[in-house]
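The structures considered in this document are given below.
In the two assemblies presented below, chain A is common to both, partnered first by chain B and then by chain C.
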Partner chain A sequence: MSPARVLTLHEAALADRAGLIARHPAVFRRVTAARLGTSLTAAAALGLLAFGLWRLEFSPGRIAGGLAQLLHFLGMMLPPDPGSASRAFLILRGLAETLAIALLGTLLAAAVALPLGFLAARNTSAGRLVHFLSRRALDSIRGVDALIWALIWVSVVGLGPFAGVLAIMTSDIGTFGKLFSEAIEATDRRAVEGVTSAGGGRLARIRFGVLPAVLPVMAGQVLYMFESNTRSSTIIGIVGAGGIGLMLSEMIRTLEWGVVSFIVLLVLVAVAVIDTISGRLRAGLAG
Partner chain B sequence: MLIIEGLTRRFGDRVAVDDVCLEVPRGAFVGIIGRSGAGKSTLLRLVNRLAEPSAGRILWDGAEVTGLRGRALRDWRARCAMVFQGFNLSGRLDVLTNVLVGRLNKVPAHRSLLCLWSDADRAVALAALERFDIAELAAQRAEHLSGGQQQRVAIARALVQEPEIILADEPIASLDPRNTRVVMEALARINRDYGITVLCNLHSLDIARSYCDRLVGLSAGRLVFDGAPDALDADAARRLYGLEAADVMDAARPGLASPAPSPFLAHT
Partner chain C sequence: MLALLAGHVAEVDLSRLGRHLGDFFGYFDRLTALEAGGGRVWTDPAEWFWGWRKWGLLLADTLLIAYAGTALGALGGFLLSFVAAANLVANPWTRGMARRFLEFCRTVPDIVFALIFVIAFGLGPVPGVLAIAIHSIGALGKLFSEVIENIDSKPVEGAAAAGASWVAMLRFAVLPQVLPNFASYALLRFEVNVRQASVLGFVGAGGIGQDLIEAIRKFYYNDVAAILVLIIVTVMLIDLGTERLRHRLIGAMERSP
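Let's turn to the complex of A and B:
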């Protein structure tokens, strides 16, 4: 007779099923608190969606009706056409102004945000109160969108690109300050300690321990924001803060769809070019 | 002369350094040994004032170091250079600038912050690099160097501080055997040639025996051994290192097994 065959894990588990259930009842429970909670949350989310659609007068019929209109406009957008050479020149000038607003606004914001970033970073701030206050200040600036800043600055300094630069700058100070301070907090503590141990003060710690590590990160963030600001500065042009946006909104109002599609295409091309260049530069910085 | 009196550092309920008393004459090469967590790093950090003591005093040449503030504290740090296990260089800065950080305290802030180092300072930094055979790496980014090279840069930085004492916290813990020898030789030469006092944390007992003229043993923050390397017998080492003893000792070492008079202090 052969000795008793060793049971496989599978067989042993099935043979001892009752015992396992008795020893670990929680594992075998079908309805658990967590499952119940998940189902209830899902149901509540669905209910909220339904209520929202009803409350905001969501109507598939109106989309269907409008669809014909949309197709009609799309048809009129073809071919993209500036109309005349002089208008094409005006459009290009507007685009250049938009790019200039984005570039200048981004650089100014970065310049102002640099010291703020150090004050808002836990490891380089000057005391707990300064840290807290600069954090809160950056949060509040960031809470207001560039479009609202544009409306504010237009009424303060008047229509034109100057208001646009100020709008981009103010809205981005908050974003940059936050990004910079997070980059600063993520730097290697050991390099800073090395400078401290050699007798370096606060500024020396920042200059030799923190800056070399964070400057490339910051430069990458500035390039990325320039990209995204090219889009924002088109929008803020609509409220009169300079650049191509104003002409774009006028053309939409006067139903010159060929010109509209020409402008939109130009903006897309400009954004794509900047995107490619800054992507290359950022890859270079990371090395 | 370095005098440490009743030095204690607590982290919450944990006592990292516990009532340590120690006197180190100028020019000594002292190895601080003990298992990891014994408080070796904390002890050195207290001396450089990277950590604040919970109790006790540190004196250098009779002047109290604990309690220094501002300018005086930075001057003290410049006089007691530190070498770390992780090198603690600024990775993206070039090697020369990393070494020149050791001159910070001797240069007006407006010059150092703009990296307007004088030719004299550059010469000192290069001389230090040449001493350790890495002058040709001066323009490289520190992060591109090997571990052994980085530690030599760190020692060059310490040297250009023209310190009176060098505190080395496990300077060889992340190095291979060849670089271990290079780095320990560098510290030994600094000690011999310039008479700079060296306090060196070491995990390996064998390395400690070969380079130090005095060993100090820490266990759970307390000083439990203080004497010549020969006085540390196998029994004492076992008490110091516990289960780690086999790792840090060359088991075949003759003489270790012979019992010697116990050099343990009253603390145990």
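Let's turn to the complex of A and C:
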């Protein structure tokens, strides 16, 4: 005699399918307005993607050919190899330059953006017009990519890492200004009111009411931007603004794939190290 | 200390900055002075934006590059994020591999991918789209997998208890919870990618960057100003539009239980 097999929940549900449908018709309705909306949106998104790929001249042949080339390059990238000791030294120098550009650019941007942040914050700005104008100015600066700023600074101060520092600085002023002003707007009003009631003027209010509250937040943001800038300063060399990017783009253009993978690996390691250090520091600031 | 050392390495030269700071503002002066003579650019918009037809098309291409790259990246990130989520994949090796791959994709800047792809796929928008797609896979895959790790585990357990396969479990227990968040992140990425697509042309990967770098290199000041204004306005409009959409998405998410 065999024991009656215990049905799994799945089988039990399937056995009583008709009953379930009768009891919960809403769950089993195939087409609901919400579902239709989602499907239509997805279809439109895919349609636009298809149009984009067609308009931008994607073709299976081109993709296949490119992938074959890419695989070939990948094969040549192994093992990573700087070629010679002197070149390895040049690469390391480029990396140091990159880190220096990121550090200086971030610090300078923070210094310039600090007063701008107060102007762009609703609660500390000098009037609505100043608030509005500084907001729009910061938005415009952020709308232009760091690489474009690098090109502009290269045509002003010439080739070299100095242009890179200025480019990182300029593009970060926009970001910092926005982040700082948001931090300032989020401060507790009570401290400011306390300083006012004690007879503090405008500057005293900012110095003793706002600044102590926002400085740790700002320091965290500066560290975070430094992480992000180590990434962007690796590429501004492509337009001649110093750092390891120049070397990297040259090596790619001359098809020295071993060196390329060496540089990329080096950058990955450097970025990981910086991220770890600044992550620790930020955790310390927050805690 | 560190700043001084960095200053030395980066060849910071304040006297050079002093000498050239005038040039920087002079640059903007020249950007806004009509080359044909007579006044500022905004006094004669027709002359200033003489190439608006060409630039408009290039700008549309730039947006398409950003869109196609984001869409492909979102699809790739979508597939990989399930593999990289700790609560769905028990095997640490599979998960680790997926995570390392995502990390690699987002740490290498997209313009470096573009440089390499331009050589492999030839000049034009194709390498641009692929570069943006790869970078977006890395960025979105990470965000998506974090969203998945934060979902409510009760529907997942319910689906598993009812005998659902892994894919059915994803479809009915995970997907409804994460879709609005995914869409919101993808929109945010699209904003970033529009900026990126505007400079990919610098290395020959399509879009308006090609014309911009030419104008800057050849000192066509008015064109530089016109293209920059176009880029800034487009970026702002896109930011505003996606912000609206994201608020609606988040609102919809909060309304449904």
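Here, the second predicted complex is superposed on the first by the 239 of 287 C-alpha atoms of A that agree within 3 Å, B and C clash if a C-alpha of one lies under 4 Å from a C-alpha of the other, contacts with A are read in each partner's own complex, and residues count from 1 in each chain.
Quick note on the criterion: a contact is a pair of C-beta atoms (placed from the backbone, for glycine too) under 8 Å apart; a residue touches a chain by one contact, two chains touch by 3 or more.
Bear in mind that the values here come from a model prediction, so they are computed numbers and not experimental data.
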*asked:* Quick check on the chain A-based superposition: chain B and chain C, clash or fit?
replied: fit
*Is A:R207 touching the first partner chain B, the second partner chain C, both, or neither of them?*
first
_Partner, of chain C and chain B, that touches more residues belonging to chain A_ = C
*asked:* Per the contact definition in the header, classify A:P216: touching chain B only (first), chain C only (second), both, or neither.
replied: first
*Once the structures are superposed on A, label A:G52 by its partner contacts, choosing first (chain B), second (chain C), both or neither.*
second
*Which partner does A:P80 contact after superposing on A: first (chain B), second (chain C), both, neither?*
neither
*Between chain B (first) and chain C (second), which, if any, makes contact with A:V195: first, second, both or neither?*
first
*Should A:L151 be classified as contacting the first partner (chain B), the second (chain C), both, or neither?*
second
*Measuring by CA atoms in the overlay, how small does the chain B-chain C distance get, in Å?*
23
_Shared chain A surface residues [contacts with chain B and with chain C]_ = none
_Touching residues (chain side chain A, partner chain C) in the complex_ = 8-11, 13, 38, 45-46, 48-49, 51-53, 55-58, 62-63, 65-67, 69-70, 73, 96-97, 99-101, 103-104, 107, 139-140, 143-145, 147-148, 151-153, 155-158, 160-162, 164-166, 231-232, 234-235, 238-239, 242, 248-249, 252-253, 255, 260, 264, 267-268, 271-272
*Interface residues, chain C side, partner chain A - complex*: 2-3, 5-7, 9-13, 16-17, 20, 23-24, 27, 61, 64-65, 67-68, 71-72, 104, 107-109, 111-112, 115-117, 119-122, 124-127, 129, 161-164, 179, 195-196, 198-199, 202-203, 206, 212-213, 216, 219, 228, 231-232, 235-236
*Sites on chain B touched by chain A in the complex*: 48, 50, 74-78, 81-82, 84, 86-93, 97, 101-102, 104-105, 109, 112-113, 154, 157-158, 161
*Touching chain B in the complex: which residues of chain A?*
188, 190-191, 193-201, 203-204, 207-209, 212-213, 216
